[in-house]
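Next, two complexes with subunit A in common: one pairs it with subunit B, the other with subunit C.
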Partner chain A sequence: MTLDLEYSEKGMQHNHLLEIVDLKTYFFTKRGAVKAVDGISFTIDAGDVFGLVGESGCGKSVTALSILRLVPDPPGKIVSGQVIFEGEDLLQKSEEEMRSIRGAKISMIFQDPLTSLDPIVRVGEQIVEAIRTHTNMNPQKAWEKAVKILTEVGIPDAEIRAKQYPFQLSGGMRQRVMIAIALVTEPRLLIADEPTTNLDVTIQAQILTLLKEIKAKTQTSILFITHNLGIVAWLCNKLAVMYAGKIVEYGATKSVFSNPLHPYTTLLLKAVPRLDIKKEMLESIEGDVPDLVNPPSGCRFHPRCPYAKKICSIIQPPMIEVEEGHYASCLIYDKEKWRSV
Partner chain B sequence: MRPLKDLKKLLFGESSELSIIIEHLKSDKPALFGLAVIILLVLMAVFADFISPYDPNLQDLSRRLEPPSWEHPFGRDEFGRDILSRIIYGSRISLTVGVVVITISLLIGTALGALSGYIGGWIDLVIMRVADIFLAFPGLLLAIGLTAVLGQSIFNVMAALAIVNWPGYARVIRSQILYIKGLDYVEAARIMGASNARILASHVLPNSFAPIIVLATIGMGWAILAEAGLSFLGLGVQPPTPSWGSIIATGRDFIFRAPHITTIPGIVLALSILAFNLFGDGLRDALDPRLRI
Partner chain C sequence: MSIILQIKDLKKYFPITKGVILKKTLGYVKAVDGVSFSIERGETFGLVGESGSGKSTIGRLIVGLLQPTSGSIFFDKVDLTKINKKEFQNIRRRMSMIFQDPFTSLDPRKNVMQIIAEPLIIHTDMERKKREEIVYQLLERVGLRQEDAFKYPHQFSGGQRQRIAIARALTLSPDLIIADEAVSALDVSVQAKIINILMSLQKDLNLTYLFIAHDLSVVCHISHKVGVMYLGKLVEVGSKSAIFQDPLHPYTQALLEAVPVPDPNIMVAKGLMVLKGEIPSPINPPSGCRFHPRCPYATKRCTEEEPTLIDNGENHLAACHYTDEIKSKRKIIKQPLKDSA
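What follows is the complex of A and B.
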């Protein structure tokens, strides 16, 4: 809230760092349009760590690429919507303007640090390149800055490491280098697309701790994309649950975890293994992820939903604010319609 | 050995790509043999004026077709010229043709292959169909046709061979680029705001070169052989300039009376091509990331 106040004092007209409004990104294939992202909206404020959760193929990564306008075109296309970043709609920007935003104001780190670094360029040089793409800093100073940021992301002997090639670094260290590259330009928003999926558990924990430290130390907001609910609970203050190209639940992490509203979220939480509850078998959600060329009519989750009624296959449920700031898109919370059938 | 190692460290770092390749080649005997022969050839060509025992064009018709002796280890040809000297000078032609042809082929092939692979679309279609047309002809036959049209000179031989040779490089570069441009680090560079030109120049192309280096090494052998072939047919270097191909060609008439005129340059030619191929194979293994760790 205080941050919002500061902004309005500076005369800025917006409160949100990033506001996505009714974003639709489709992939046009021979079989028809794959509706990978189909009308999602959410906001990220300064200082937020926003979790975007969902199973594989639900449109999380496409959302990230849409923000950066890097959806492979063809076949992909942002069909409609707005991506308002610092008060300006990124979808209206020219390619050149986007280039000055990518890496400078919005950075991204990926799933696989093993393949995200150029194998034949020294890691220090790769950081220097990121700096010099967006500033005129001289190479000497940029190199010093690169070494400094490597130290900051927890790489010991940064001076030596900077001169090495990616294959000489361990997986965890490479992910630290990726984070260093993403943060060296002091972006407003860091998009982390499953940054720990390919790392082993101890290294995962270290990288997540690092992200948490970054959040505490810098102004950078984080959009954290994952399928791991445990990580979201630990790291994020807000989250959105995606299912088949749509957001089904959205709210503060605390309220979503203590009071999950959408049946999909409830089932997802039940599917998480827990140490404190003894169970023979983990719960699973019946059925498969729907075909995004011909998604189910009405609510996309209704074929797999244990509570589904006939009306669910007819009406697309709107986002309903059930608690303050906690939304779900399920007809159960539309009392009139739910009772009427 | 010590100062050499320090220099290597200074130039390429403790364990850079290049020093790994050198380490690998050290234990590859055939490749080392190839490299030794190549170095020998280069020295021969560079220092021909100092090491050749006689003037390669000095005739002595009274001693024509003389077989190898201590005085003339490779014998004399039909004009009584010293064959060893002619082979030494001939290496200049062979290596020059090899280097020039490969350089031109590389430049054309890389430029067109990079455009084709990186931009794609109709540019790709046009360039690749043109390449296909060139590849559809048997290489040497097309080169013969081209030299016949362009006229007989060593420059035209080089031009013809480069024209015949570039489509192979274009194809390899294109396929490399198609593969590399889909890799995460290229996407990462784009996400960091790098422009297309920058991505192509500093990430995609440098990563595409490993197979090209190998292809170029083996291509040297091919170019040397092709030049010898064209000279053999009388389309290349004009007498009296010595070329391995033309020495073999003139010796053909005396193959029973003086077999050394054809066989000795033939062996030198075969050995050179073998050397380039062995070295190319060694490089291929050294550059193969699956054989590392």
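What follows is the complex of A and C.
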């Protein structure tokens, strides 16, 4: 199924659900400042399933934690930028105000549900707790609601399961419980950080399908973090590609896949082995992901980029709108500068 | 071509025990339950399946890290289960293993020279100079530099560490390499490089690989033959094209259709096939065909009678009662066959 791009583009044009502006989050370590997120901007509208993709350590999770103001401090700090949610900058909110937003208007699910579920509390009770933190529903009603939502996220015999502890459930079921907890408050935004990475492929397909149904049935927008380009192609209507703390490409899923603009995106797509296409050799990217304490000057991708010119190590490429709504930060698209050297 | 490795009706049951002193056996985890296949010299045999299906256990049985409950393992026509320790050690040298986690598989206190040369020191009386020469050659083969020989594992990235592990696996010029999730922990761009290295080494050195992985796209890319495991059983085995283009077993079909590919247009057309249910426990596997609780075609017969691997021509084997019927009905998948349970 395609996602309805029109819907998000129309009505909400000037009123984004989430707008991140030049966000910088650093970790101040003995080695120096790790520039984990270093000036990123993107927007999520009502109805979007927004994919944030990139390789290990590029700053995806730190972006998610920054939105919720959960960056471990010290050593982490949001250095600058804005996180505008429903018109208000979350970075200006008090910790108390944030507590009423987390788990209510913005919920999050993680890769490993075992670390975020309480091991000694029955899963049904954990859902009740989530409900009662944000509403004053009576315990009996909340329990009924918990059982109902467990059924909705596809847990069979929900009444029995609700009385079990996390360790009594399989990995896939635990992730369903996490999703139930996240959704029971009907959030506007669900942040899902690699929620299927630890799951087997048939179970992953179940969870992804569940998320897609949720998206179709509710008002919840999703920020979906992954390194799996296939999942983005299936689930997301928009995406941003991150590399070394920066967004290098940004646009509608269809445009990015049919016409990748940034050399990193192009190479990444060629590096993935595919079931549906026979490749003699995989394209690989030379070198390694840079150290974020001392990232390369200019374009951070320049030491690994096959097209790099001298100018690439000097100028930080800006985000350039190459086709409508499709941006890349690469100097190739700055025709004047590129030709001048 | 000649067969280098053949396993026949291999079984490994792990006892589940209770009590510390008087251990009482409560049951068995049937991790590998009667698996047979063979690998030709110079080929890559890919072993796929979801977690817990018994893939790693097979690898560990072959190299003698585990003793089989029953069955035989022929390496170059010698049954490894029938020979004494000394004879086994001699043959064992001709096999090596590469694991998933390059961070834990290398001794942090040894430098690269020591790590790679170690098998030569243990198994040969080669003089130091010659050893070092071999290490330098191996480093070059896996794309590392001579000066890297005197660095320690922590000074390398994940991809580089995996190159060191590969170099070490090559030290004694083995015939067979068992790679257990060897690229699973790596980022796409780095993974591509390691896969390319493994493939070119195979060509140059006529290596045989048993390539164990859960990622179907990777296995599809690297393998000549593929075996699909489900709950301790091999459910399908055949050439790469047979398995990936013409899968016969409903589980293989479901696995393939659960993988999202990085192309939104294809994903719109194809969707994700969702297989119901969880992966059952190998302690009490389902009766009859182990796949029956999840199989869209299951009949009453499937719940009672265990299917055996049957050759459907050209060494394409599948363990399903209804291979022929399913083949003709493939287009209308999910429609149960008559005699439905």
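Here is the rule we go by: the second predicted complex is superposed on the first by the 325 of 341 C-alpha atoms of A that agree within 3 Å, B and C clash if a C-alpha of one lies under 4 Å from a C-alpha of the other, contacts with A are read in each partner's own complex, and residues count from 1 in each chain.
Throughout what follows, a residue touches a chain if its C-beta (ideal position, glycine included) is under 8 Å from a C-beta of that chain, and two chains touch if they have at least 3 such contacts.
Here the structure is a predicted model, which is why all the values come from computation and not from measurement.
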(message) Taking subunit A as the common reference, can subunit B and subunit C both be placed on it without clashing, or not? Answer clash or fit.
(response) fit
(message) Quick check on the superposed pair: does A:A271 touch subunit B, subunit C, both, or neither? Answer first, second, both or neither.
(response) second
(message) Tell me the contact category for A:S94 with respect to subunit B and subunit C: first, second, both or neither.
(response) neither
(request) Using the superposition described at the top, determine whether subunit B or subunit C touches more residues of subunit A. (result) C
(request) For A:G172, select first, second, both or neither according to whether it touches subunit B, subunit C, the two together, or no partner. (result) second
(message) By the touch definition at the top of the document, which applies to A:S340: first (subunit B), second (subunit C), both, or neither?
(response) neither
(message) Just checking: does A:S107 make contact with subunit B only, subunit C only, both, or neither of them? Give me first, second, both or neither.
(response) first
(message) By the touch definition at the top of the document, which applies to A:N228: first (subunit B), second (subunit C), both, or neither?
(response) second
(message) For A:Q140 in the superposed arrangement: first (subunit B), second (subunit C), both or neither?
(response) neither
(message) With both complexes overlaid on chain A, does A:D200 touch subunit B (first), subunit C (second), both or neither?
(response) second
(request) Check the superposed model and tell me the shortest C-alpha distance between subunit B and subunit C, rounded to whole Å. (result) 6
(request) Note which residues of subunit B are touching subunit A in the complex, please. (result) 13-17, 183-185, 187-195, 198, 202-203, 206-207, 292
(message) For a test of understanding, state which residues of subunit A touch subunit B in their complex under the given definition.
(response) 68, 70, 99-104, 107-108, 110, 112, 115-122, 129-130, 133-134, 163-165, 167-168, 178, 181-182
(request) Could you please specify the touching residues of subunit A with respect to subunit C in the complex? (result) 1-2, 55-56, 170, 172-173, 200-206, 208-209, 227-235, 253-254, 257-258, 267-269, 271-276, 279, 281-285, 288-289
(message) Can you tell me which positions in subunit C touch subunit A when the two form their complex?
(response) 50-51, 157-160, 187-193, 195-196, 199, 214-218, 220-222, 244, 254-256, 258-268, 271-275, 278-279, 294
